[in-house]
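Residue numbering begins at 1 within each chain, and the chains themselves are lettered A, B, C and D in the order written.
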Amino acid sequence: MEYAISVLLSGISVGGQYALIAIGYTLVYGILRLINFAHGDVFMVAGLMGIYFTAVLPISLSLPLVIILTVLLGFTIERVAYKPLRDAPRMSVMISAIGVSYLLQNTATYVTGGQPMTYPTIPFLSGTVNVAGTQTKWVVILTPILVLTLVVLLSLLINRTKVGMAMRAVSKDFETSRLMGIRINSVISVTFIIGSALAAVGSVLFFTNYPAITPMAGAMPGLKAFVAAVFGGIGSIPGAVIGAFIIGICETIIKGLPSSWDVSVFSDAFTFALLILILVFKPQGLFGEAATDKV
Amino acid sequence: MKRIIAVMLTGIMTLSLAACSSAGSAASAGGGASSGGDVIRIGVFEPSTGDSASGGKKEILGMQYANSETPTVEAGGKTYKVELVYADNGSSADKAPSAASELVGKDVSLVLGSYGSGVSMAGGPKFEEAGLAAIGVTCTNPNVTAGNDYYFRICFLDNFQADVLANFAIEKFSAKKAYCLGENGNEYDQGLVAFFTQVFEAAGGEVISDSFPTNNSDFTSYLNKAKSEGADVIFTPVSIAYAKQIMEQAASLDIGIPFLGSDTLDDNMVLEATKDTNLQLFVSTFYQEGGSETFDKGIKDYINNNSDALTANGGNDTISAVTAMGYDAYYVALEAIKAAGSGDKAQIKGAIPSVKWDGVSGSIAFDEVGDAVRDTAYIKTADTSTGTWAFEKVQTGSGK
Amino acid sequence: MSEKKSNLPALIGIVILFLFIILLENIRSFIPGLPMIFDPMSPLFTVLKKAAVYSLVAVSMNLLNGFTGLFSLGQAGFMLLGAYTYAILTVPSAMKDQVYYLFGGCAFQFSLVDFFQGIFGSAGAGYAVGLILSCLIAIILAGVVAGFFAFLIGFPVLRLKSDYLAIATLGFAEILRAIFQWQTLGPVTNGANMIKGFPTFTSFNITGAGGQVVLRLSTFVPFLITTVCIAIIVLLINSSYGRAFKSIRDDEIAAEAMGIRLFSHKMLSFVISSFFAGVGGAMFAMYVANAQAKAFTSTMTYEILLIVVIGGIGSVSGSVLATFLYVACSEWWLRFLDSEQYIGSFKVPLLRNGFRMVVFSVVIMIIVLFFSQGIMGNREIDLNAIFTGKKRRSGSQGK
Amino acid sequence: MDNKAKKNALHIENVTMQFGGVVSVNNLSIDVPEHDIIALIGPNGAGKTTAFNCITGVYKPTNGLIEFMGTPMVRSYPSGKDRKNYKGENADKYRGKSVLNPTPDEITKLGIARTFQNIRLWNSMTVFENVLTAKHMRAKQNVFSAIFRGNRSEEKRMREETMELLKEQGLDAYKDENATSLPYGLQRRLEIARALATDPKLLLLDEPAAGMNPQETLELADFVQEIREKYDLTVFLIEHHMDLVMNISDYIYVIDFGSEIARGKPDEVQSNQKVIEAYLGVGEEEG
């Protein structure tokens, strides 16, 4: 029982962190129909910035700075690497995204010298707490709460504000929105800003829990978050969050299965198998809307 | 139009680079032609990017220090300046062959490295083809030297190391049940786990093992599993980044089971992760700080007086065993050059098997496969209050 | 105008190229005084071999991504299948116990090399025939296995839209990697350990009685295999099927309305592309002299994709050209960026480990953003024109 | 009316196409007799192209039957959730019979070729290749014979026939031009040539005169009649251009909001009050 709770706790915590990244994916995909491969790496860079800033600045100052700079990074990436390709085929944009991801990873290798970096201990978040006989960090408990709060806030933003309305319009019909005078570029920028800010917050939570950062640290969580976004129905924020939690929990359950079965190695493979299954049988995901092509 | 510009740019880039590189190779070719001159090059085949970069850099550090200590070698009545030539094998098997041929192309007399067995095995055939001897420093996989006449090594092998740790677990903790955790697809981890399992089960123990996927970051499920299975020891022969994660997460879970690690865990980044926790970590290693005071003092000075070296060592002056091994490897190379009497690669290759050297990590001699004859390993433990390594014991294997 | 006649110059050109490569690799044994760069062990030849291998993989990816418009990121997975098929089939039985030392030998004892040596003998010309046959069959089977897997996964994934297809194939490659690394399958795949000991490119060097190399063919062999494979791909692209692929890329709906069966043509392209990726994987195993699943990561696929982009999506000759440039830059010419350099006494700033890859990725981004056509766009270098000196009108299809 | 006497090339019966809650085509029934030129007209958004897409297999109609040359080709009825939400008529007329839902390429193979309202030429190919590629479907070859040139005679035949087609259409001068670099009128023509390359019995033209000037439209009318004779074609077209439709059509169907509002010979339709109200008034100003 204690063991089951500990597995569930890990699952919720992992899922929560995927959720924060997945929201960024789902927002961007919903609007640009672009798999932003670089998103996971933005998350990794946010983690690295966290390390470098806390080394010289107090935490209360450095964390906001990390968020601001990550937002700036996300914004810049969009402006430099995606905007010029707005009318290019989708494949080009995706290649550009892969290129950005490659660049961020290589730059991180250069800066860190390839060494795994240690994320600083953040007071309170890193503190431990005992849940039903299992010791865990506070961050594990706080992540899901924070995620849910953010989902509510984001839903409000999207459903109640002017920017949110524009975002919905753009994701429904890009061309028409443009004709209707919606400033597409600012809507897209806002999307990237929100996504990056969430990635920054996600990085704080994730790396407090798993404190070693390597240049590849963002790739896997990034891909899984994308799978979560697809699973939940791309474009749907609650979908992405639920997808992320399902994937996180499934993953830890697989890891936690008896060793004699020797299946724990497939925790990542499972995620991808799930992706293929969902794409084949329910391509619109759990909460997405089916789209028809115009001839 | 753009296309034409692109082609032109590419052309210019290509030309300038070709010019650049041919200038470079011309220079080295000139050096090669005058090998009767006064320079002997030693190739350093190590990762400085990729997963194993951290270990590779520390190994290079030992060689650099040794090189700064003894920059010349006397052979055949002449004094040669020894120059280290580096090639980054990128910790990956697909980059290793080109890094190896980079060294061959720079006309080195012999090669040292690599940290990591996979890259050594990938580069090995290149050295063999070129008739160039390579001395492995800390590549512990049996297949590095087996079937390759030109590969030697000064470290012990995986099976020996696993044997030592299994015996240690039985002797020290009277362990009956061990939990092993390695990275899926990493031959180092899986090899050690397999050998450990053999020895431990032969001694009547029970082994549960798991593998985690590459780039995994959540280890709490595995650790909780070990706990709920009632393991007496946890054996984690993983690379540094994972070891660090595992230690951090084990600390927050209050796991309370002793950890056994292989030589990769002998790293100050792992050590740091155990500081101010109640973790028990024991690692088997090639060298224990304090083994040679002159070396300890010398290398610490070297590290502290050189900011690049300090960064490479992870920001402090704790001596990693691989650094000591790199240091010894350099001297073994010098001995081989002396015995060969020149910088000729074929003669050096012929001389290596008979080289004997009393290094800081113990005395080194080679057996017929080219492996070092070693029968002891050091076990050390992390002192969690001071954040240093404490010597535990000298451990021998079960003698198999 | 008959086609055969018009392709003759290209054929002659290729033969000359082959001869040149053989000469280049052996020249230093005739004229020992030549610079180190002509040493058969110099980076030049390593780069040539790797580029030969990668250019086949790049062209096979281009067939799918560039000519059929299917954005697939599964190339590394198919290479993995090819590499393992080749390795498992050709490791001599005598080597198996040592290679599979963790598993007490291999569950699959058959070895093509032994089989043919049993027929043709293990020395002299018989050995050569046996070696060539066993490698050839193993390489073809490597392609077949990769193609077969492509066929199986094609059913679910080829119905997906562009970016979903990309991510599904990427996921498939990851799943494959996990399976091949699984210790439980160790007796076949050798688990995490690499399979080695099989014939590599070096095995094709002709040695004399004393074991010394008489004629080096280790660079020629990958060139030969790649050239044959690429020639087949080019013939396919210029055939009726190739036109059908292009029509699918240009406009799927119009293609379907003109009677081109979308699914079966996509499948065809996918299987053929995977077949050659499998062959490329087998050659990759020969190049690195081992097969280990760890090498076939998504980074490898990205690398190949970027090569295709640099060369120009939809250009075979562009892909080949870009591969040689890319491999030479990343593995050779730009290596100097990784170590400290001095110009006089001035230490060039920034240069240290990892800088090469940063510069490299910046260059790639510049190409992707500002020269999205790549080197060649969708044009081709006309070999015939080069070797006859005549310039034909580009785009002329009237041959 | 002699329609009954002739055999129908295409017979559309009770076809309804419903997207969610929107009925785009409602209970449409059309007969296209062999060798005739039949037109389907109606204002923008009347559901003409949707009807075309139902015939060519792009959409699966919600309900109805389409016969080609006397054999059922498409047959469908609403079931499950669709049945509950179904707003059209004859919901259960085809229930119990097998559902036929061929893909567009299968329909093309039967002998129905089409053009598109917004021209869909293959933009990376030359004029010659565009037509040649459409011959792929009926070529006797497999992938191996194609790669190793075992299909040389077949390839030669396809190239010759393509050349012939281009000459007839007056496109041979442009054969090596990129298809999309042609003037608009020629692109339309090329699309028709490409459709002809599939050896159709029935040709569906989706607004063939859209964007053409009066002169080009006149030429087009002649052209359509010419190819009908030459290839013994049946033509079914959607058009806005009233001149063209009135000129060449043997019979006209008029739809609005998905439903038929009138049918008849050109002069009958022209004088139909409903048609004038729904369509002609607007159409004349436009055209």
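A few remarks follow.
As a convention for this text, a contact is a pair of C-beta atoms (placed from the backbone, for glycine too) under 8 Å apart; a residue touches a chain by one contact, two chains touch by 3 or more.
Please read these numbers as outputs of a predicted model, since none were measured by experiment.
With centres computed as the average of Cα coordinates, no chain lies farther from chain B than D.
The central chain of the assembly on a C-alpha centroid basis is C. The centroid of the Cα atoms in chain C and the matching centroid in chain D are 45 Å apart. Chain D has its Cα centroid 47 Å from the Cα centroid of chain A. Chain D has its Cα centroid 71 Å from the Cα centroid of chain B. Chain A and chain C have centres, each the mean of its CA atoms, that are 34 Å apart. Under the contact definition stated at the top, the residues of chain C that touch 2 or more other chains are 178, 181-183, 253, 353-354, 357. For chain B, residues touching at least two other chains, in rising order: 48-49, 53, 184, 211, 213-214.
Taken residue by residue, chain D touches two or more other chains at 58, 116, whereas all remaining positions touch fewer.
On the side of chain C, the complex with chain D involves touching residues 3, 232, 235-236, 239-241, 243-244, 246-247, 249-251, 253-262, 268, 272, 314, 378, 393, 395-398.
Contact residues of chain D toward chain C in the complex are 56, 58, 103-105, 108-109, 113-114, 116, 120-126, 128-129, 132-139, 141, 143, 146-149, 151, 155, 158, 175-176, 178, 194-195, 197-198. By the touch rule above, chain B contacts chain A in their complex via residues 47-51, 53-54, 57, 179, 184, 208-218, 220-222, 224-225, 227-229, 240-242, 244-245, 248-249, 252-254, 269, 272-273, 311-312, 314. Within the complex formed with chain B, the residues of chain A that make contact are 2-3, 6-7, 9-10, 13-14, 109, 113-116, 118, 126, 128, 134-137, 206, 209-212, 214, 216-217, 219-221, 251-252, 255-256, 259-260, 262, 264-269.
Residues of chain C touching chain B in their complex: 35-37, 39, 41-47, 50, 95, 98-99, 101-102, 177-178, 180-183, 191-194, 196-197, 200, 202, 284, 287-290, 292-295, 300, 325, 329, 331-336, 338-339, 353-354, 357, 367, 370-371, 373-377.
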